[in-house]
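Mind looking over this structure? Questions follow.
Each chain carries a letter (A, B, C and D) given by its place in the written order, and its residues are counted from 1.
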């Protein structure tokens, strides 16, 4: 058992019970800390239309506060640069024009330095506002949304830059130092859950996105869930058993995708001399069979489940099962920017590694909960309009900030997306 | 009020309580009757990858019986042509090679005549088998499946040939004669339904596809449904109110589709001299505001619902609401191959035009019911593998054979598909 | 040596010295004779955007006479169908709207029968006009152009239907009967030609297209030409020597095309059990090494020449060398719709198989001759506007009507086109 | 008349009669000087597959010397980085693997700093070699080739970075300072040239690329050439006369391109408030009607010529006409990185602005001269394999180093390319 050694990327974490200003400061600083190991060149390139340059993430998260907080709540606020309103608008039609998404990599200007100045300028105005206007509930809500938004982009910074670095034949690491971690792997087990009427969705005082509401009833048949996520070892068995060559294991759209893109393994995997290797943010390593599989699409997860004579859980099953699971896990702050093998045995009847390490695909399309109402105004575009053609993932990953995740959290990506830290956990009817 | 006059296309209908042989004969004859107004040239062209030539439909439905019935249940059966096994396999990987779907329009040979001979050859063997082997339950099940499969393709023959004819600047009609129909349009109303635990899905002796099972419980909040489908008049209001130009009304993927394809109206609509016209199987006609809207995608249906301050129903809501609706409607056999205005007032608390006229988009992704198991063997590919990226439609259309539809029937198409007779009905939370 | 037996396709040939009416009648009848072995279904499909349905060829050649002769020279002429003016316009912007080229295969209507009626209607009016207006020189010129235009489409009917039939897994033959032909193959030899100032291009009384004019001087260095076209045997050696795998043999754009399309052999070639087979209009046959290679692109011809330590001739070299070559050859009328091995030894200093069998790619881009002026009016669009991005082929093929070819004739296709009967002859500096 | 003031970009120019080492030093330094106004971020992005990042240009030109000079002529030379052999190979198949062209913008590493270190490392080795091995003629030839190669990439650095900057909504200038220049515009005139046998192509001691040889005879008819390139004023007349809307003015492939890309003006032109503006390396300016048109494709040049009742010259005509034209012009070193109006009246019978300002499209496809032989070895891939589908441009531009151009120089680009400084000069038959 190797001792845990933190890597050199110091991610600022707000202390428990910190005030709003302090939380703002810590979360904003964490974003910059993630960019610290990168050069201006690293921060400028867009490696595919789905990904964005790090520089863009740094600017867009700032744009969010400038647009929805300072612009609305600070009379006479001077915008840092008039063109940024368009350049760094992601998809808010209600705000106005947007620079086209696939063009985000055309922007050598503003320079990284100017974007950092933009962050500083905005942070100063934000911190002043937070002090002055402490009791404004509407303001508090938008600031909170902005901070969770910022944390989402922290994860995207890592997954997007990982994709970029993987496209470079030099295979550069984001950060060489690999934290040593104690591994006490345990085989998967089945945990049983009772059927009946359950409630899922967010309710109560803490923050949630609008898509987690309203809390509502669902009827579930009794079901079982695997105690652990599927591992790389399991997935290698699937590959050796012809998993990528057997159409009967796949959804029709999945099989079409396998053929069209020539998929033969998870993203970032490469076979050399009879050994699978994978590209990580810490450089290339041999695949460790005991660690959770990641960088698989919904299609691959669903096919693997069929091969394993199981299925993916629905998001309702997942949420019910995850409720009393331990919330600790391998998150962004650990410095291990890759999934790790299980560090602890779960208690009886409890799932392990539920949070952190890898997002877990569910069988549920990302759809509105019964009675869902998007937030009013432009921020209503945050979630609702994407409820089509995507599938829900749950639980967070090794790139998710620890304070960002909760059992009701719904992440979502199209079924062919693989560049997130996406894995899976199996389910079966009881 | 004009009297109903049947058009000249005589669709054979099996009598109530007819034996299996008679039903087989009638349904197979109905398919040929649909091809009767068409030339060999009309039957040969594939107008887009999603559509198939009529000749292919005629052959593929025959292939289904030859492959799954005669090949499996008739020892020593001589296949009509060895190459047809591949040429007319639609998507059954378990059966073997398939002629690629986008290449279906490359087949000038076999000629239409040969395909009709193929049908005759197969029908003779089938009818002999049905007489001999009356008590074989497994056989009976596959034959029944084949007949419902045949009926699905009857509808596709009409929608596919409509698409082909619409691509011809001469705008040829499939069948000029337009049945006169008594119209007693009535404005839409809201019908209330109670929440609670409901059961949906097929159960019992009659035929259903595997995707309608198992019957299972769902929890529903109380809801309201419109008594009638949305009409062309309503949709024209949506267009005039800028419906196709306002991103806030659309799902993000829907808005992308509107921009990419330049949609400004439903498929087949054209505006000339201030009047909307639509292409129908009976030729081009001015749009009648009192008739149900059709040839709209899920995206358009969903946007319309938002504009109307309503939403699409889930498929569970639809099924619960449709249970006690009258089953009569404008189906294929009426000779009116276009949706008609409501002919009868519904009773209190009852939906009108639930079946026939237009398929109604629901908000539900086409997903497996809890506990779903595909049928064993190759026919297991019939439905299950398509459960991704599509949305459920309910109720049948003017091109659906009357005996083919039922309240639990789940049709499904991708959210951008428009060439089916697809419309919608609005829902609201109670 | 097998006796020559004509195949069953009787191609009408105008007698020497026949009057204009008789020539018109014979050439128009030849087009119909080519369509005779085909069904209406065969005549309807468009197998790729570059090819057109046979039905379209039958109609478009008729449109040419109706538009440029009857419409302009016959006051009060009633057009057969107003929509045909647009439907069958190929590319004449000056005439007005055109049905888009890739949509030619969407036209199940007009039916083949109607197109034949259209031909009859137009032929009657044409023959009447030709009798009445015998001395009108302008009229005579356009009619002559129309007849050569018709002959071009006769060749395209064969190459386009060959492409269509090749896409059908049933590999149907256009015409099974294969003419027996005496073969006396002789190895290739080099024939020397003197350098100096030469004149090329058309001059004098006979018909030529505008692109063959004006006759003009060119300076040529002394050169050598192969006595025979490159054979399939030679090309098989190229393949075995890695021709399709060695980038150094190819133009850069050619190599890109090889990789993008996965070319490994000429079009229609397929290797089975160690033997090359090729699809022909008479069905599939083993490749005969003694016959001229065909269905190769400019890129393949150019690469082969480099491999053979030679080069393609320029079109000026070709024309100078072809001047005193025998004009007899294997043309459309022979009934052998595939290149044949050399039937006669050429005389000393004379090229063999110069005309017929295969079109021969030259190294010359299709460009205007010095002083070139397109014909005035809409027919000026016939040739001039295509003078970009294409290469010149010379000599005619087995699908070219014998009376259509001449030494100054310039055919042209893009460098990646392979569905014509295109081969090559090598040249070298002296 | 404004005084000429050099802009701030100091381009080192080797002195007349400088030794090889000094020339090497000066030309290499000029490349770096061009990158000096750019940030590392500016140097990293690839704005379209046709263009390359500046960093790539800096590395690839270095790779050329390392691969073809040091690798071949310096036993035991240690390559700077083994991966660079593949990363910075442009298109030399004989050298081995290449990083794919459209992926050049994925390389955030090596950093710009490392590339500059790579240049320094290579320059040291090169300068040592040049001193030691002064009398090696083969070496001298490759070094000379490498220097002209470097100069070609100097021009590409400017055109590629101009394209990148133009894609940025902030419209950043490469270099704000705009040199004041004396303008004495003079209207175009026609200059006559005699027909007959002429010789073109390079012959003699100075450097030329292989594609300029061998010198050979061509027959020309008498012709006229415009004394000046076509101006922006002339081109604005073309636009106003419907030039981009009239198919009869265009080659067929050109018209297809106009429609497919929606061209309505030259690249970088934008109309605002009734005034044309153009983006330049010095920022956006109003279009000056007296300056030569640039950033037009061959298609636009050819269409303009037809509209002007003229034609493009052949490259032979251009070379014959340019022979006694003054060689002075607006080149890279002037600091005016945009075409300028004519500064001097030409003498009688002499063309003006023949060299510099804008490359002039000719009507000649880029084809091998009679007797052309590519250089032996890998550098034989430099020119010959691109002789297909491109058109010849002559005369150099405002971004061409003055010492790089000569009357026999053949530049070449595809007919739809617009991002070079490409304009035209009209010709007519005498």
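Keep this in mind: a residue touches a chain if its C-beta (ideal position, glycine included) is under 8 Å from a C-beta of that chain, and two chains touch if they have at least 3 such contacts.
Computed from a prediction, not measured in an experiment: that's the story for all the values here.
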| item | value |
| --- | --- |
| Where subunit A and subunit B overlap in contact partners, by chain label | none |
| Chain whose average C-alpha position is farthest from subunit B's own | D |
| From the options C-D, B-C or A-D, the pair that copies A-B, where over half of the contact pairs coincide | C-D |
| Subunit A and subunit D: spacing of chain centres that average the CA atoms, whole Å | 47 |
| For subunit A paired with subunit C, centre-to-centre distance based on mean C-alpha positions, whole Å | 60 |
| Approximate Å spacing (C-alpha centroids) for the pair subunit C, subunit D | 39 |
| Shared interface positions of subunit A, touching two or more other chains | none |
| Touch-based graph of the chains, sorted into line, ring, star, complete or other | ring |
| Residue ranges of subunit C in contact with subunit B within the complex | 39-45, 47, 83, 86-87, 99, 103, 105-112, 164-165, 167-170, 172 |
| In the complex with subunit C, residue positions of subunit D that touch it | 91, 93-94, 197, 216-221, 247-248, 250-255, 299, 302, 314, 363-365, 367-368, 370-371, 381, 385-389, 415, 429 |
